[in-house]
């Protein structure tokens, strides 16, 4: 058979469009036609109808996307409005500006930094914030600023305000709580809604709150887990991005469970952060849609 | 914001369209426009560019699809031709006509029948074919015909011809080798290309061929696996649909490994068959694309 | 080097001895000496000190063990007394007399019967008890009595008494609640302490109580699990024998989760029952020690 | 009941005894009696009969074990001789002297160093040896000597001799090949028999040899794995200590598989090294017994 259309390699800068709205006829066609008219070429695309809602993530190529993104967004808003879409359009080259909050435990921080150095995490790690000085030496070789902001019961609010100033000054858009053992005030949680990721060391909703490994030990579970979720105002109740478990045995003490659990925490947090950075996670109600990808 | 477009529930019969071709601009738009013009409503849809190829699976709703499927296919062929697409369009209500081949091992057959009774497998199990009589009592309560066709070295070809007659008479489109321990002649393999699923009791490509559990035992592996794949002319070399593993210990004898392995075989085969029946598997080269779904 | 001691194959009937007591010097030596003096030969043996407690499981060979078991137990009691041991000594050939309780869901029952037929479960399945008639046809081909004892709020106590009579008449020592959706009265729970196994369709302690799959769906977890545990007076709080999980996606409805969960339930329950029947499980406090084995 | 024997906490230094011989009556009693007579107190202990062989690992407490170890070994040799036992007796406080060999990939080295700093690995990491300079900056902060010994086809033998001198000078007893991409000469393999651990990036025996991830990609497997094994003269054929797998999808390129695989490699190697250092691994034929523990 003769190939009538000559094979063209899709060119241009990669962009991502995420859309959610109440499902109804015409959405897909509207979006396809828009992208086509703009001269965008689609590569990977996924759309799902879950309950009565429509969710879409599409990767497209567009010449000089970064320069034209505002224009393109303005155009797309006209498609989005009648469908009352929630949506985001982002050049893939745009790097999230990320802050990592830690306390004393080093494993999640170490792992994130290692992956970042290996280009697994597509972000600018702009600062590490901690209520302790312990992990400063870990961060220094990377040249990333380490802000030591001690927190006590009395200074909690003041500390949070200091953090907020730093975050704003650096235009942070993603916060990772890499075993940061302090409560985040509600006003800050709201400001970073769906942009603040926490790792909790249990397979939520089991063992919400303090000392989950101790309680896992006491309950005699055969699996211990970890859960990465967006932070909401209710402790450990936010939308789950990823979770995983590992087998333990009757020989494992709390100390062993802590050791074993660290590996799960590291992997689960790293996956969640990567998916978030690659715009693969969409929050709907108190759940997440995690689109495919790498 | 006012909702300008009234919310309509998508109606009609569910259909599936799978497409593959060399990637080039315009494919998605072409397909979207076609479905839109025909009055089809899209629900779930996935498209991927892997290497230089484009792969799509879309679920749509269309009034009286079953009656209009031939018409719709004829129309779509006009879109498909210039792109040199390989494609399938199927009403979801169409049931695969499935034959299960077995020898003496009962676990995969038992599991498939249980799932079928529980409506997990959307197929008509039209016959069970075996070179032994052992599993006849298992099949009889279901009212499914059980054909006993003994196979010896001398009668292999003749047996295959008998099988082929039965398969044709019953218009079988999917064959599941549920631990059928006989070689299928090449001409039959070709006839059921990408429609004949085998379960091999190892994590392929490890332990291709005979006695994989014995060899797993001898090698001292710590995990034993199972692999469901489409049958090709080369033994255990066909496109892999699904595989999984289970942990074993130094205490496990070959007998224990056989027992443990059965659980993996059952689950892996059942998943692969379900995905195949739900048109979620697309073969490209010697690999499979497995689209999301349930 | 010359082999001074001629190689003798260990002979005799296999027995199992399980021991638990406060850890202190001399226990192992005392038990070794006893078995040696009695002419028993040890094969597999495991002992652990967990916290301040000692746990032992040993397999030994002893001529005509079944005939001599009472004698041997009497002798061992003298070793056990000063150490205040809890202990059990059982010929491996002794078959548990097992009752299976079901309601309407067939998957766990079907799986247990299949394994039993395949000699994976070393027990006499003496009866199936149900508050419904639905699963009777499944049981009949096996020739196992199926007792239909309807339960309503008003007849709960009376039904339990009927069940207890049957259990006593048949000298049942192990009860498996294979998705039996009724509450067991406390007096019966006590009577079958550490001998009544339930399968709960969540990774406990998450989603204790009713409708765990619905709640898993609502919470948006990424893994669903199942837990096999001994029944205690507090609902879903008993000692956990085994648990496992399976990945789900945002595409999975409650119906899909139920389907996916069944596979985990079947495997987890089957493992727990097998380990129990092989005397590999020891309850300590509200936890279990699961000894190695096959 | 009155507790006749006063509860004594077991005291003394922890030691480990590992024994293997042809199974025959009297072994356990002989060992128990020996330890008892010497005044050793047993805590955890496991013994297995696999095939016709007996395997034992016991942890005991003994006053001033380190000072008396030679004496104790001499005594035990008398028990061991008539049974033709292979055996090891080691104070748990004895630290393995470990060398890590690397090339350019940093993930396994980084992970081992992190675990070592966190006291997960009970060893003295005495040196890092590499044919490249790339990973020197990673090692320097730890104060561990980094020996750069370039290797070309022509200098392979000379390089190995240099390495051997270093290893001898530092009395190395365990070598970890943490993605060291060079062939080890046979004479060195023999010298470190059952003491040289390699991580191979496939679920062996699948994809032995070069470029396993590329071949996994080409074969279209759905799981990629990693295997830690003792090095023998045949490439990738040595006794397997641990292996694990991770799921991949049709979207994953070789580059993605390499990234995903790193996590499995890190975890599998770390577990194998930890088990080796804790004397939990016993090689028999071309297989390993991995005793329980933490």
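By written order: A, B, C and D. Residues from 1 in each chain.
By definition in this document, contacts are C-beta pairs under 8 Å (C-beta built on N, C-alpha and C of every residue); 3 or more make two chains touch, one makes a residue touch a chain.
In UniProt terms, the chains line up like this: A, B, C, D = Formyltetrahydrofolate deformylase.
What you see is a predicted model, and the numbers here were worked out from it, not measured in a lab.
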item: Chains contacting each of chain B and chain C, listed by label; value: A, D
item: Chain pair showing more contacts of the two, C-D and A-D; value: C-D
item: Whole-Å gap between the CA centroids of chain A and chain D; value: 37
item: Distance between the centres, which are taken as Cα means, of chain C and chain A, whole angstrom; value: 42
item: Multi-chain contact sites of chain D, meaning residues that touch two or more partners; value: 44, 48, 249, 251, 292
item: Chain-level touch network, classified as line, ring, star, complete or other; value: complete
item: Interface residues, chain B side, partner chain D - complex; value: 48, 50, 203-207, 219-223, 225, 239-245, 249-251, 285-290
item: Complex interface listing, chain B residues touching chain C; value: 44, 106-107, 110, 114, 118, 120, 141, 249, 251-253, 256, 259, 263, 267, 292-294
item: Contact footprint of chain C on chain D as seen in their complex; value: 1, 3-8, 10, 22-26, 28-29, 32-33, 35-36, 41-49, 81-84, 292
